[in-house]
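Comments concern the structure below.
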């Protein structure tokens, strides 16, 4: 059985709208997770890690490791104080801090004096098969990259693994490359999601060909909604990557831009797939509806053929079931009251007549092509 | 029960079309509310407020407070004289004045010599749950910002509160920032509206899954119409904000432009939501229509199965209900008139025959897959 | 009752296609109205008017009033000679003259050496409620503006009234301003038309909610067709006005361009309304079709419920209406031929059985949710 | 009767695809017509014509008339040798020659060193009412214009007539003007085609209002297909003319460009008409489908009303047609077996009861609004 | 019978997604075919060929033939070592190598220092009538062109044949021309595919007109899906060729660009055909659905006419089939119990009455236009 027929839930924090509030206000929703900080400080030879929950964790490590690149990984945004401390420590604009905690941003890339800021949408199915659509944001400044994630889920496991392994250029290519790696991981996950959706589409299509039922319509609609969500993230993501490639900031090195071009291609591929899948989903819906229509047609034909054949016959039987009396109230014979009933072979003739009428009607239907396939 | 099934009314002043009228004519509709003027004059330390209904209120205050920024807040446009007086006092073009009172403008931003002019659409549900779509317009000149609203509703409460509190840069950032704050408040309210629409969509979808009825179609259509109205305001609003960002007027300071960029992002987010909601609404309609179609299919199947089984059986009963006589008019026995009726076990055989026919038909339907789910 | 249910006729001269004809040929359709010429010569203080039907009317007046601006208003294009005379007199290109008489041009604005040429579509309902879609064209040269209209209808009454009144800048702003005023009047009339269509949409929607019938579909389709016609004029009109604003010709003064910008805004507003109205019309059609679908559903349910309840009951009645004989042909009792008929309380039991079957079926339908609202 | 209900045939040579063939190969389809050459050599005073089937015809004439412009008109492309000879004689690129014989080009305009090359689609209904979509191509070089047509049909009759008459600038404006004239003739024919389609649409719409039948659907689909074909030619034609206008080649004179601008306007008009016609055709289909839907609705209502009224009545008649015996098998009276049958006025009461039930049901239907118009 | 009614299978390697993997990783899917290498070394006079499976084959040949152009043709990507060796030998970027083995690239053209890289989609039906959509990629560097194909299929037979024949410029125009020839062959195959689809559309349309059945819907959907796949390849292919034309690399010579322009035209033609075919397919679906709808309508009419005529007649027969007794339980005559049954000619009158009712109903239906064609 399709694992998809249950309704997909779109888990999403409600947006807190503070009409007319001072721009740059940092308002934390009540259900935000408490932050966990991990600081990775690394150069080609060395990798130092420290964990904590407040600004001290960060400042201590940065002071300690002077010739390192620092990746400050923050999971959970539930501490307004921490966000503001980081803002003060690095000299980040209030509006940027607001964008970090107000987790409904579209993917975008903004350059500020001395640092750059970018956001992406992280989309995945969690263990309860709810579609999670949360925000990743990152700041690159000097030799520091800070990443903000909404939950404690270890989404960037692959990147930290590569960092620990120390293979490739990840340790040497600077904070911009780390930021690229995170973005690329998010994009890779879009393909994981799209592969899953591709499988669901195949399943739904198989069901359509083998045992169509009305769950197809629900499946198709949910696929559509999921695709709408991915597309809504994918289009601005493309613009964001393009902005990064055309950025003149020194924080995005020429070497990183080469990789970004690759990510750009991936992003367009993902969009291509989303559009194709939407078209295929629509055509599945069309095909299903035409099948419903055909089925109705077929049912109507059976009903009509049987009804139209038997209704006149039953009428004739009704005629000869009438009780017109052979004798009137006074006992005189009434000659023209249903004389057929008293005729030799009357019953047989009637049956033969009925049979001929039935055959005639079948012949008419056959002529009209009702036994054809339409 | 959904609070949305009643028909949304779109309250809107009828446009007064004066074919071929001299451009720049100031024609006040009869139902326009009389203006109420509040002048806020403020600098970092001081905030002076004065109220009134005529040009004197404004001129007196401006003369009095020479090193202040002035926000002249006008609620109600029902006084052509006042509008013209303001125009003369500040040297505003006639066409601009016409745009202020002709409250069907699209959001736009125009630069004139020495001042800038902008309009927005203010959209909200009033207490009677009518969707109000009225106009806000503002002029920024030197140290003055004038805002014009159609009604007496205190729509910009949050901004006046921040002004009175004196926190943040609102008192120091100049009249352009006030104008930005008003625009931003309008945008924030779009999100309030969209959040409400999002809830309505969720409700409608829940209804679809739990107890679908034909109100869904009406709900969906009204959601669609409301979204059309918001989109019609949102798209030009984006262009307007973009024009403000690219404006070279000194009235829009560099600092304000940073905030405008933020507002621009919000505007695109709102548009994104409108488009997604429209798609979701369409897919709700499609799903509902397919459910209607399926329901019909199901009803037809029940009707057809029952009819097709009983129609032949009733015909047979009709046959044996005919009154063909055992004896002709002369009392002679007619042997072949319904001999079945006089046969030992005839009735039992008939019942068994009927039962077999019924079973056969059910078997045929089962073979055809009519008991399947499609 | 809606005044719109009758079919809108689109009165339109048939295009005369002269395949391969020399470009610049002036071919007058047979049904073209004979021209009436009015020449308005005016300066700030003076307004002289003369009427006639040939080129003399024009040349005489122009010679006489040397320091005036001249507006030559020509109603009716049914005189090839006159058109050619005007062309020769003012030195107009043959292709322009062809465009004037070939009244199927899209709105456009072309600059030539020494003069500019523009066309618009004039759209209105005439007294017979036919939708008229005819052409206005105008030439501006030096201190002369010539306007060509297809019919004798006094379409620009408002402009001549303002000219006669002499108020505003109309007498001093030059021939380009007159041309703008005429264009603006045409645009104003689009709003009149759109207001009428808005009313029709409201009426149709009211009908949909109160007493839907199949005229709705016809109404909606006619609204759509009318909107297609307006849109077809409105889009190129916008481009035309934009061309005028960006024109470097001295004939369009900077002052006039300010007004043109206003007209440009109006044009976009009109387009906005057309698009919204089209969407609303589509959604009315969708809603209506879903109502038809629902109605069908409801009818089918009633039919099915009644049929399915009574068909088995009638069958039972048919069974006990059979004439299986208690005695065979030889007068022997046949015990198993319908013994139920001779049983104490048989009839009562049968009725009770029927009643129970009926209740059972109703219960099944209720369980299936057929008495719900879908 | 509509002349359009028969299926339009799209006569089109099959494309010969030679996968991986050397570009520039000249491969003539077997069914290509043999070429007929007419050379028109003309200057202001003189027009000389010669006919033939090989390259000699051309070279001889060109040698003879040295101060003439030459129009070499070739009808039929069935001679690879001739095409190659012309290519050699005038120094034409192989790829151009391939485009001439491979008659599936989109309209385009290419400039080469010393000559320009353009193609158009010639679309018309032939005498068998097949829609012909064939290729016209032309080369302009020095004082020579060569036109290639697929068939012997005299498509450019009007141009040759003007050339013979010698009126206008056709004899003096050079070969580029001839090429323009041919293009313009093709465009004029699009309008002829569109006028015919417009008539067909009117006919179909009349049929829809007066006697709708299912041929409407077929008509509409064929109109749509024809419009798709015209649009496919019209869009690139516009680009082609635009390329010609912006061409810097001396072969397209400034004078010709003025005419080309006119042709450009025509092309956009044609596209406008195609788009409008497509929309109107779609709305005809929608209206027709809604009529089918309404008709079904109406039929269902009649069926349901009649069925639902008579089914219970027939059931009652069935009840009193049952043969429950007054006496049991032993001749004892069974009191409760259908005592109604033996009651004074029983029959009358039954008829009255039936009448009341019928009236009640009609009243219920009337209450439900089934006698309304929906 | 249509060869298309079976379901088209879209054979496609599953994409291997390695979330967060180091960009530039060369991961070979398990089912990749083992590479076969053919090296063609040629100059105007000479053509040397050598085959093998490892890098030696290539290096040896290149060393041997110093004044030749080399085309290294690699079929099968199942050897990571070989790909890396080639990358090292020619100095190719890791990201390019990854794109070669990760066979889900969109068509693209990238320039690198010293070499260019391009990919295309190769689409064809294999012998099992599965639609294969695999990747071709090529690198051009100095006098070397390397082509990578996914399978061993001899797809570029035509190009190798031309190379062996040595006709035309193929041996002299350099490696860029070889790359163009391969691209052009891929494009030619799109036309083969589209011709096949065109035939399928014609077949499906014929079926629609001659013997419509529900396979049409499936056919149309599969055509649509196939067209979606081709379009997805065709659009970026156009961009790719355009990039090649505008490339400033010396590897794409001016001569080759002339041919590329030709290929560009072909690509646009293919896109045109795809779009037209999609529209035609949609209109086939619409027409089919309307035929289903009409058929239903017709069936309903027959059912309704027959039912509505016979239901009242059967009711009347039912009335006179009731057994109301002429005598009450006590043997007294009940005068008003069905006196009709004892009337002279009662039966005849009843039959006449029934006949008149039937005629009346037929007349009503005729009046309502139910015997018309709708």
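Letters A, B, C, D and E mark the chains as written, and numbering starts fresh at 1 in each.
Methods note: a contact is a pair of C-beta atoms (placed from the backbone, for glycine too) under 8 Å apart; a residue touches a chain by one contact, two chains touch by 3 or more.
These numbers come from a predicted model, not from an experiment.
The chains that touch both chain D and chain E are none; no such chain exists. In summary, the pair chain A and chain B forms a contact in which the copies contribute largely different residue numbers, shared numbers making up under half of all those used.
Annotation: 40 Å between the Cα-based centres of chain A and chain C. Between the Cα centres of chain B and chain C there is a gap of 24 Å.
In chain E, 291, 293, 296, 300, 303, 307, 311, 314, 318, 321-323, 338 are the positions where the chain touches two or more neighbouring chains simultaneously.
Order of chains round the ring, from chain A towards chain B, by the touch criterion defined above: A, B, C, D, E. Every residue of chain E that touches chain D in the complex is listed here, in rising order: 156-159, 161-162, 167-168, 170, 181, 184-185, 188-189, 191-192, 195, 209, 258-259, 261-262, 265, 268-269, 272, 276, 279-280, 283, 286-287, 290-291, 293-294, 296-297, 300-301, 303-304, 307-308, 311-312, 314-315, 318-319, 321-325, 327-329, 334, 336-338, 370, 372-374. Residues 7, 14-15, 17-23, 93, 95, 104-106, 108, 110, 211-215, 217-218, 221, 224-225, 228-229, 232, 285, 288-289, 291-293, 295-296, 299-300, 302-303, 306-307, 310-311, 313-314, 317-318, 320-323, 326, 333, 335, 338-339, 341-348, 350-351 of chain A are the ones that touch chain B when the two sit in their complex.
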